[in-house]
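Handing you this structure, nothing more for now.
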Amino acid sequence: MTTHPWADDRQEGDDKFHEECAVFGAWNVADAAAITALGLHALQHRGQEASGIVSYDGKKFSSHRGLGLVGDVFHDTRIMAGLPGSCSVGHNRYSTTGDTLLRNVQPLFAEFEFGGLAVAHNGNLTNAHGLRRALIRRGCLFQSTTDTEVFIHLIAISLYATVEDRLIDALKQVQGAYSLVVLSQDALMGVRDPLGVRPLVLGKLPGAANDASGWVFASESCGLDIVGAEFVRDVEPGEMVVIDKSGVRSVKPFAAQRSGFCVFEYIYFARPDSVLDGMPVYNVRKQIGVELARESGIEADVVVPVPDSGVPSAMGYAQASGIPFELGIIRNHYVGRTFIEPTDQIRNLGVRMKHSTNRPMLNGKRVILVDDSIVRGTTSRKIVDMVRAAGATEVHMRISSPPTKHSCFYGIDTPERSKLLAAQHDIAKMAELIGVDSLAFISLDGLYRALGHEGRDAEHRRYCDACFTGDYPIPLVDHDQEFGPGTA
Amino acid sequence: MTTHPWADDRQEGDDKFHEECAVFGAWNVADAAAITALGLHALQHRGQEASGIVSYDGKKFSSHRGLGLVGDVFHDTRIMAGLPGSCSVGHNRYSTTGDTLLRNVQPLFAEFEFGGLAVAHNGNLTNAHGLRRALIRRGCLFQSTTDTEVFIHLIAISLYATVEDRLIDALKQVQGAYSLVVLSQDALMGVRDPLGVRPLVLGKLPGAANDASGWVFASESCGLDIVGAEFVRDVEPGEMVVIDKSGVRSVKPFAAQRSGFCVFEYIYFARPDSVLDGMPVYNVRKQIGVELARESGIEADVVVPVPDSGVPSAMGYAQASGIPFELGIIRNHYVGRTFIEPTDQIRNLGVRMKHSTNRPMLNGKRVILVDDSIVRGTTSRKIVDMVRAAGATEVHMRISSPPTKHSCFYGIDTPERSKLLAAQHDIAKMAELIGVDSLAFISLDGLYRALGHEGRDAEHRRYCDACFTGDYPIPLVDHDQEFGPGTA
Amino acid sequence: MTTHPWADDRQEGDDKFHEECAVFGAWNVADAAAITALGLHALQHRGQEASGIVSYDGKKFSSHRGLGLVGDVFHDTRIMAGLPGSCSVGHNRYSTTGDTLLRNVQPLFAEFEFGGLAVAHNGNLTNAHGLRRALIRRGCLFQSTTDTEVFIHLIAISLYATVEDRLIDALKQVQGAYSLVVLSQDALMGVRDPLGVRPLVLGKLPGAANDASGWVFASESCGLDIVGAEFVRDVEPGEMVVIDKSGVRSVKPFAAQRSGFCVFEYIYFARPDSVLDGMPVYNVRKQIGVELARESGIEADVVVPVPDSGVPSAMGYAQASGIPFELGIIRNHYVGRTFIEPTDQIRNLGVRMKHSTNRPMLNGKRVILVDDSIVRGTTSRKIVDMVRAAGATEVHMRISSPPTKHSCFYGIDTPERSKLLAAQHDIAKMAELIGVDSLAFISLDGLYRALGHEGRDAEHRRYCDACFTGDYPIPLVDHDQEFGPGTA
Amino acid sequence: MTTHPWADDRQEGDDKFHEECAVFGAWNVADAAAITALGLHALQHRGQEASGIVSYDGKKFSSHRGLGLVGDVFHDTRIMAGLPGSCSVGHNRYSTTGDTLLRNVQPLFAEFEFGGLAVAHNGNLTNAHGLRRALIRRGCLFQSTTDTEVFIHLIAISLYATVEDRLIDALKQVQGAYSLVVLSQDALMGVRDPLGVRPLVLGKLPGAANDASGWVFASESCGLDIVGAEFVRDVEPGEMVVIDKSGVRSVKPFAAQRSGFCVFEYIYFARPDSVLDGMPVYNVRKQIGVELARESGIEADVVVPVPDSGVPSAMGYAQASGIPFELGIIRNHYVGRTFIEPTDQIRNLGVRMKHSTNRPMLNGKRVILVDDSIVRGTTSRKIVDMVRAAGATEVHMRISSPPTKHSCFYGIDTPERSKLLAAQHDIAKMAELIGVDSLAFISLDGLYRALGHEGRDAEHRRYCDACFTGDYPIPLVDHDQEFGPGTA
């Protein structure tokens, strides 16, 4: 009913995959809810539809959740005052379903026999539907439509005595991708699924009194930086880090597995100043640009990024190719709401709310446009048209990801396959549809090289690259049951 | 009472001069108010406190004005539906006084003997106080505290018969900087003061039926681009462009004068994709960077812009110096409201809402930071501290403007002189206060060279550069009367 | 654009004349704005569309105005905190024009050569259009569409030296009905027009330190009661009461005239607990009921008031006739907004938001319905239908005013004559249209008897009764000029 | 955080018991949600803190719930458009706990194995705490803090196959007072507890196509009247009325019991135009006045009701005693928010937002004040002071209920016993505390006589009168377990 602030983003300029969520947690920290809100703010790019925080002050849990950006949901000092305590867990949501009900906004919270528990989840379960049906048959009442609520009920009906054991009991029944931050009366827990598909890092605030205070979890290291926390380490795939009054413990309830970290985090999702699994994201992106220049170099006058995500790769491309890097497309930072009805007049004029061309940098030039991905191709077409209208004589598009041909089932919002341009057409046809003189994507091996490997080793896959390859490392239980295996 | 969306900007990261206003007008255009709102949106950087539109449908004037960004003020289709007609004038406001009353939000509108008239003004009058006092003594009732209202009353009491003549009568009595867009029942008029201190351009929408339709005025050319209008020409200093049912006429009520266009428009105010007076802003900024590298080059490992305004100059600096350009500072685009109370804890942690460092690009590096100006110096100090905390071994700051030593009286929001760092200290002391290893500003001559001149010619000054030189091209009537001449 | 809280009132159950305004003022009183807000709240029945307060703290004037009820406009303690000072003037507005622009909300305020002045006006000027035209020709700029603004400009251009003299200068040029409260830096003034058409009373708060403190003006005595102020006296027709640091003075700039107090204030407008001109309103209304029973008694089983305004007259009727008084119609006090779209289904069901019948009191009964007036007759018809649907065997309607055949030009919102049922039809036809078995109005003489006179004396008219008689005591300058004399 | 619209009510003028809730349901009715909103509007007096509606359109359930009055929660046509379908259930809430969380706002809704189910509940369970604990131990997750949610979980875990049987299964496990309206995909059900403590009526809209359409349930008959529905009958104590596609069925799962209808519904809670259990509420109230006059008549000049609830009893008292009935106290209908901070000044002036005295009717008079109850006595004291300040020479208070000495556990908001004036003091002391010359309450037998009985028969009690007698007809399971038996 409300026009969301980023609606324009999606209508006009944003033909991207979208990260679904960010999580954050704080243990034994002054102003825990404020620290959490700041962390969520730094992680805003991972989810802009809704935000929530649950805090605990040693006696009771308090919560506030709302639709909108972190700064909107927590804009009021009275709201922050209503979230007392030194422990806290928070969540940003990007809904995949259009179903942004307030009751779906995380962290989910419930009162159990053993007390309260708040759960924040980044990822997506692949067997949630089946579990949900079984739980409902048992008499469980679901309050949300999120897969995350499955965790809650599994914990509630578990026969184990401690929260920790009940949580492990629940984890063993689910399949899928999850980075969880869980807050009980006694502990803050950070968990990654056995393949570690989504990121989760552990940090520590300076000046912490002892081993049991000052801890924070965040989806990315930039969530630590904003609050001045020191990066301690990534939570490992399949690990549960438990922080309580005795300090920090590591629990590993799963057998060791090969890693399956989402490679698209490096390409687009993560913030450029984050360091994931020891690799600075910005460096990886620049290096992809370098590889791209090597793989599909072409003569041209300028390298122009599609802002903002194409900038580092374009810089790498420019440095490797020696072609000047120029800001030929300017992004309007006051994007805000779509406030104008698209009448015929408005449409005919080709109004661009989000991008504008820097005509003198494009006019009469052979232009290499660098972007991070092509999803439906709608935006790419518009941008190419703009660049040509500004006088570019040639337009060559270089993409810093391989062609995205498959949907994601692990927590990323992707269109269904039939809407993915690369799933329907070969590169020549794509170039034609987008209207470029040439089009090239980084190769899979080039991508792995940019990440410091020799290339992709299908036997010992290092990352989840299913959106490029269709090689899904976690079984798609619900999907296969509904549509049949091999249809993703 | 409300926390404005950009409050954070000012608290933490924004130690800048601020443009006061943007103006826009449309004549004989379908959806005139929507076109105007889009134009104002593209000109949002020139004023974010309030926005207003007055439209005319051949029978009556309609208006809507509100505090906030364009997209907030005109977010509702019912609001747009309440602004019918094919003629329209709009305004963005950045208040210099903190006195953002709704009654001050432009366009100002009044019913005169001859009908309605709406006035949008970018600039500042230097003899408004005196005129105001005289008009009040005569029985005129002022409704706002803006200097713009002086125009309205001068028009009301003018004894001339036509609107055009009454407006000229008024213009001849005021002194100061003004780009005006004025809408009457019969005509749309665009006016620049005799020195042309503030910009104003004329454009035309494609497909206009005839010479008397499809016209738009905008403060900058980027306001034409967003609606697909073609750039026709700059309104000239001292010129009044009148558009009515007969087409376009040029009226020049003033004797020819040397030009006094605000040079800071090139340095910071204007959008990089605008072309002002034939010069592309982006190119000028890059060229300043080139001049800076020539004037004050230094050995270093990386050139890092303070985003976003420092980017083009940093690119120019890097290209001229051969030192790599890197995004060492990342800007959080979800700035929004300051939603967290700055408790001691928050302060101690050194929370940064707006900027974060890209540590791997800075750690162990000798860094050249490029920014556009130093006003109070508060932000510069914080940024330098951040960069050092990220591991930079040396920090050299290069500024793409000369030292700002004087206040502006022509429509720019500047602190009083005592708050201007460069008015109080020499460069060595400034470097010490900001905490850099070296500090250099572009020279006045360098700035003029970047603009295509041989240097500054004090005899035949081409721009208003009073904020650097104290050489004010328009008499400061009110100021001198209150504080004495030579005190600005 | 907004649905006003009382919209339902007008749509369904409210076919009444409406008082246009209430005024209030406080001089040298702690919490003056709060006292004023309370007074306006007690006077809410005189105007519900908008409310405003201007306060003065010895240095500056502050104001807040908004659309809606007093409690909505001043609901926030921060708003009240923004109205400091011990002097204050306030206004409730009921617009006659549908033109409820915020700029029309009173008190009007302007900065004059001599300082600020706030004016609150109850009434209506009959020569405002002509004055307005003349002032505009002179160069005066009108900001509102209210006749009240004429006062402001007349004061601004007056050549007299003092505020008091300028105000008198202005008063002498206007014709019409007005009760004014005016606040300058030096004085609070209460004025009634020469005929005293609208009420205005003077009161004093207990514990006032001296003769120059604790004073309040209010439209009705109930505005004094709510703040615990003692009733001092009515402001006299043609009197200007001036309160300043020397205490209270009476100024009488006009020659003595016969009185023309609005008799409808007694019948409907004023609150029943007010005392106007020495007469308790509640007593007058009961006495009208007594006269009605005498004049047009009829055999019946119950006397039922149309709530709430018909209650006192119905009680008087019942007491005089000996027929039991019963609450046969119940009013829903949670009227609020009209929140349901009137679909066919809703209309067919005959939904009544405001009134419901107390069926057991009506079923099988001969009912005398007592109401205060019939304007268009639409509500009367609906109420009669409801009463019959509840089983009444006979319905006799008795009205506590004479037939309303003429429009008011002195500050009351009345439909044009062609919409007034009594202007179009005789009583027999009205009875038929409304669907009653008999219909009777109080006679003019009966009305005057209820007010303690022997009857109406056309030669020495005691009240303005123009809405019944067409005998207008103040010339209808604007109206006669536009439509010709004798057309009202 | 929000000041509720009726806050003033409670602060100043409202020392009353409060009904907790209203319920409404519609089956096979055009515009079901609108009909429900109207019904809830007519039942607004039974709960003003929050309101909610769940509708069903044959495919899916839709819901909207919010804090505030019905007209506020459902003010928007888009909200109503979001509640499609011909079946609907609604609820008004008056919270007893101050804990007005949105998640507590009814109707509660859950997705069960068999589909969706919405439950609206008026009343209070006396064994809810124990049941809740047991359900949580079993793994049930409670989302609200209302006792109503116990129904939902009992239904979810029931092993019976049909919704109807599961509901009966749940009902047999709860104790307490409940009138429920329950909507499933297949049926609308109205249920009253075995004693029928709270009311519930069945009605039918005119023009219903067949036996399976046009049905409505409402807490009181006034909820039928507003939508033009015909009263069919009261749902009987212990009865479950089931409406589905086959028409209406009556199910009686409980053994017959004596009735326990809340006698306070007649005295104060119900609207005067409702007919409960065949008795018109207005008539009962008048008759109580008659009995009061007989039992405790006294010589006086006027009978004055405390408006609005004291009016019918005062009328009965006046008719029986022959002493004139006069409106000596006027109620301000624009109550709205408490918008003024109670500063010392405001307090000293004795500001009265809600009531004012009609001084001429009280001055010099011996006054009999009639009110419906005395709870804490705070308001009574203020009203008596007001009446004396208006000049009354004697004040005699007559109360149309017996002394309220015990708390209610069946769905009415009552203070704890220690706050009940009548639980702490005898009548002489109460008279002294309230400041009256005499004080009398209706006797228990008088109350029963007014209801058409010979007096109270303790053996065959006809009503629940526990608040007067402490004779609780339903065991107070939770209370007795916590505080021990006999402590209520």
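In order of appearance the chains are A, B, C and D, and numbering begins at 1 in each one.
We adopt the following convention: contacts are C-beta pairs under 8 Å (C-beta built on N, C-alpha and C of every residue); 3 or more make two chains touch, one makes a residue touch a chain.
Just so we're clear, the structure is a prediction, and the values are computed from it rather than from any experiment.
*Asks:* Trace the shortest chain of touching neighbours from subunit B to subunit D and give its length in steps.
*Replies:* 2
*Asks:* Specify the chain most distant from subunit B by Cα centroid.
*Replies:* D
*Asks:* Averaging only over C-alpha atoms, locate the centres of subunit B and subunit C and give their separation in whole Å.
*Replies:* Here the centre of subunit C sits 51 Å away from the centre of subunit B.
*Asks:* Which whole number of Å gives the spacing of the CA centres of subunit C and subunit D?
*Replies:* 37
*Asks:* How many angstrom lie between the CA centroids of subunit A and subunit C, rounded to a whole number?
*Replies:* Averaging C-alpha atoms per chain gives centres 62 Å apart.
*Asks:* Indicate the residues of subunit B shared as contacts by at least two other chains.
*Replies:* none
*Asks:* Looking at the complex, which residues from subunit A come into contact with subunit D?
*Replies:* 1, 78, 110-113, 136-137, 139-143, 152-153, 156-157
*Asks:* Touching subunit D in the complex: which residues of subunit C?
*Replies:* Against subunit D, the touching part of subunit C is residues 3, 30-31, 34-35, 37-38, 41-42, 44-45, 48, 69-72, 74-77, 80, 205-207, 222, 225-229, 271-273, 275, 280, 282-283, 308, 311-312, 315, 319, 324-327, 330, 332-337, 339-341, 343, 345-346, 348-353, 356-361.
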